[in-house]
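Heads up, the next two complexes both have chain A, just with different partners, chain B and then chain C.
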Partner chain A sequence: MTVRGRLWAAVRALLVPAALLGLWEFLSRGGAAATYAFVPLGKIVAAGRTALSNGELAGNLLASAQHACLGLVTGSLAGVLLGACLGTSRICDRILGPLFHGLRQVPLLGLAPLIGLAFGNGAGAKLLVISLAAFFPVALATGDGVRNVERAHLELGRALTLRRRQVFRHILLPAAAPAIVSGFLQALAFAWLATIGSELLFTASAGLGSFMQQGEANGRMELVIVGMIAIALVGLAMNGLVNRAVYRLLPWHAVAQK
Partner chain B sequence: MSFISSTTIAARTVLGTPAADRARRAPGFDRWLGWLGPLALLIIWVAATRSAGDGAAHMMVSPRQVLDAARELAGSGDLADHIRASVGRLAVGFTIGAGLGLAYGLVAGALPAVQSLFGSTFHALRQVPSIAFIPMLVLMFGVEETFKIVIVAKSTFFPVALATAEGVRGVPRSFLDVARVYRLRGLNLLRYVLLPATLPPIVTGLRIALGRSWMVLVAAEILAAESGLGQMMERGRQMLRLDVVLVGVLFTGLAGLALERGMRLVERRLARWRRA
Partner chain C sequence: MAAGGSRAALQIRGVAKTYRLHDRTLPVLADIDLDLERGQFVSIVGASGCGKSTLLRLIAGLEGDYAGEIHIDGAPITGPGLERGIVFQDHRLLPWLTVADNVRIALLNRPISTGDAASLVREHLALVGLQGFESAYPHQLSGGMAQRAAIARALINAPKVLLLDEPFGALDALTRLRLQGELQRIWMRNRSAMLMVTHDVREAVYLSDLVIVMGGSPGRIVSRARVPLPHPRDRALPALREIEEEILSQLIGPPDASANRAVAAPTAA
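Showing the complex of A and B:
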């Protein structure tokens, strides 16, 4: 593309966002009731700047990211384990499969009242919800990946008289890696959603969800919007980071996806 | 990106894996094994409630108590009212969101100009999880019905729009070339080439959207509602009625399962030609 073409593409991409922002600003000047819903852009920027400078945003952001990462790690590990069981052992698949697929149907955040009642309203409940969010996609994808391993590779393993653990380490895991990565990327989005959801649903502590809820309770739309922008940016950053890591670890997979 | 992977997983589950083929052929014994997991869970549950002392009474609810609670809720008509409220919101919001998503997806998929104009806004908004919209929508629309319908429509719109645009863009060139050779035009082109080629990904998008918007709706009802399954569970939690909460979990799960199964049936019918 020429420089001019690229410039033109950038202008076109920014046209609609600019128009929407203009409309928002216009609506915000339409009287007291409208100002409440559509806060002026200047106010949002100011609120964002204050939250940045007094460390409020950074603290909450860090807390949320911490929740998400912890849940992601525990949930994914459990997911890989169960997925490998479901994928390799037929008995395991027959016995646990229906239970697994049945439980998968319950909307995760719908479990919040149950988990709140059983485990209290604190950090443990949040961690459980986030781990569950990461667990299901990873388990599903791992099971699929392991099940679809080349039969010839398994036969080769048998010919080489590999032990079970060696088969798992050298044949099943590399074969399932791309599927696990897809599952993990999905788990990332779900875990982030569950993090925000659990912060909204359970008792407030530090976190972006609580930050927004405080804004809502005080009727301060600008804080809510700052929170939303931060949530979107963190989600984007995590996705980018994982994609880059995938490119490093599984170059063949990253190329195949393009 | 994550959407692409989720559709490939979905496609694999629809089209079947080798193990799934084996299971379909397997005799009744395998099916019978499937009940073992839930049965074991039930036995552990009963044993746990029997052995627990009175001190933990509110935490240890036996299956019978849950059944009684379900019967009571069903008898008074409360359960039906809550289900009707939730499903009604889902239906209205889903229809609006899916309609808009289809329209946007068709236009954006067919016209690159529209895509280059709206694409950046679309993808920026898509980054915000639906749940994160709840505080903003509550401030805008209050805690009444509007906010719940808007949140359902929002969480339906994005997956449907994305799947539709991909479906339209993914029609192979060769299909259109063959259609030109056969001089298919207008309605015939739509009926024999465009619809069969684009419908399966669209229905997959609809299924994913339905599952997500159901979850978001239940969460919204937990946060702020006068009725609905989510509100029933939240009130049960506040009154420490674990039996009521469990009835709610059971029915939200069953509703989710029914929606998913229904959409999968449609999907399988539409994708029949793919398996050949």
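Showing the complex of A and C:
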């Protein structure tokens, strides 16, 4: 692409955001009430700078990211395990399948009160909510991926006298890997959502959710917006990171998709 | 284990197989007797549906529940085993493994060191002419190259019998001819007994010491044609053409007793 073309592409991509920002700034000048809801851009930038320089933003962001990662890992591992069971064993599918498919219809927000009652309002409850958010998409995708393994490949495994564990490791898991990855990408988004949500729902501790809640409680909407921007950027970064890792981990899949 | 030198590599006695479909029984194989000597190349030809692939799957141990006996080197078979190698019509390379790993996977249950495994893989990739492609993925290979890798995978455990189920059926005509020559060369070096199922009578005659003609429903052996010519062979030999014509006339000539059976409805259970 020429320099000119690239410039034009950048202008096109920024056109709508710039217009929205302009509208925002215009609305913020419509009186005191409007200024509260539509915080002037200058105030947001200033608040963002302060939060960045005094380490408040970084500390909360790190705390949230830690919660999200921990929940993502536990939830995804559990999801792969259950999904593999559902996908390979008919008995397992008959016993656990209906419960699994029933439970995943219930929004996590609906489960929150129950979880709060059973596990308290602290870190345990948060971790459970985040893990559950990651668990369902990964379990579902793994089950589908394992079920769709090519019969011919399983037959090859038999001809090579592979044992159950070897078939799982060398045939079933790699066959399901692309499905697991797309489930994991979904889990990533859900887990991040659940992280912020659980921070808002359960007892406050360090985290972006609490950061925003404090801002709201103190009537400082600019802090809420700074939190929102941070959440969006972290989500984007995580998505990009995983997408990049996928190309490394599944070279045959990445190339085949091109 | 008594492995006498005179014992056949593969011995099939009175094998019959019946499929059950709902409440009907469908006989697919009957009265199959067949011996493969060590290092012998035998092909089975016949119309689709004559049960030749089923026979191969029985020998591979991929299907059970049959009557009769199948022995490899004097021992009855119980399920799949590494003393039998198999090449399918589709190469069945695992798309997530490199060529070298696809060959190496056949060694998973062989108690050998990693170093020995690596040199076996190298040796067999060289045998099929794939040196330099160790780290390629299957989607980067042509159909002929993929089938070469599949042959290396099937041979790496030095099987007593290599089973080939229409190994070149999915390839274009030129690649097919080239790989036939390659298979002959590999077989002359490796000297596993080979049992190949094919539709292609010319291919069978060119490569084999013995061509088995199957027909009918249930499938049975209709005739056996020896090809008493030394290897490697020139594919233009008139003697090959004569045997080919003879077999073809059996396959598409006037219906014989066993072909008539094909018209009869399957017997109800």
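Here, the second predicted complex is superposed on the first by the 253 of 258 C-alpha atoms of A that agree within 3 Å, B and C clash if a C-alpha of one lies under 4 Å from a C-alpha of the other, contacts with A are read in each partner's own complex, and residues count from 1 in each chain.
As a convention for this text, a contact is a pair of C-beta atoms (placed from the backbone, for glycine too) under 8 Å apart; a residue touches a chain by one contact, two chains touch by 3 or more.
Note that this is a predicted model, so its numbers are computed, not measured.
Asker: With chain A superposed, do chain B and chain C clash or fit?
Answerer: Taken together on chain A, chain C would fit alongside chain B, as the superposition shows.
Asker: Vertex at chain A, arms to chain B and chain C: angle between C-alpha centres to the nearest 10°?
Answerer: 90
Asker: Taking the superposition on A as described, I'd like to know which of chain B and chain C A:Gly183 touches: first, second, both or neither.
Answerer: A:Gly183: touches chain B, not chain C.
Asker: Using the superposition on chain A described above, determine whether A:Ser205 touches chain B (first), chain C (second), both, or neither.
Answerer: In the superposition, A:Ser205 touches no partner, neither chain B nor chain C.
Asker: Output check: A:Arg158 vs chain B and chain C. Expected answer is one of first, second, both, neither. What do you get?
Answerer: A:Arg158: touches chain C, not chain B.
Asker: Could you look at A:Ala232 and tell me whether it touches chain B, chain C, both or neither (first, second, both, neither)?
Answerer: A:Ala232: touches chain B, not chain C.
Asker: What's your read, chain B or chain C touching more residues of chain A?
Answerer: Touching more residues of chain A than the other partner does is B.
Asker: Examine A:Leu250 and indicate which partner it touches, taking first as chain B and second as chain C; both and neither are also allowed.
Answerer: A:Leu250 contacts chain C only, not chain B.
Asker: With the superposition applied, I'd like the minimum CA-CA separation between chain B and chain C in Å.
Answerer: 14
Asker: Using the touch definition from the top, list the residues of chain C that touch chain A in their complex.
Answerer: Contact set of chain C toward chain A: 60-62, 79-82, 86, 88, 90, 92, 94-97, 105-106, 108-109, 137-140.
Asker: Write out the stretch or stretches of chain A touching chain B in their complex.
Answerer: That would be residues 9, 12-17, 20, 36-37, 87, 90-91, 93-99, 102-103, 105-114, 116-118, 140-141, 144, 147-148, 179, 182-183, 185-186, 188-189, 192-193, 196-197, 200-201, 209, 212-213, 215-216, 219, 221, 224-225, 227-228, 231-233, 235-236, 239, 243, 257 of chain A.
Asker: Show me the residue ranges of chain B that touch chain A in the complex, using the header's touch definition.
Answerer: 1-2, 4-6, 8-9, 12-13, 17-19, 23, 30, 33-38, 41, 59, 116-121, 124, 127-136, 138-140, 211, 214-216, 218-219, 222-223, 229-230, 233-234, 236-237, 240, 242, 245-246, 248-249, 252-254, 256-257, 260
Asker: Please give the residue numbers of chain A that touch chain C in the complex, ascending.
Answerer: Checking each residue of chain A against chain C gives 152-153, 155-156, 158-163, 166, 170-171, 174-175, 177, 250-253, 255-256.
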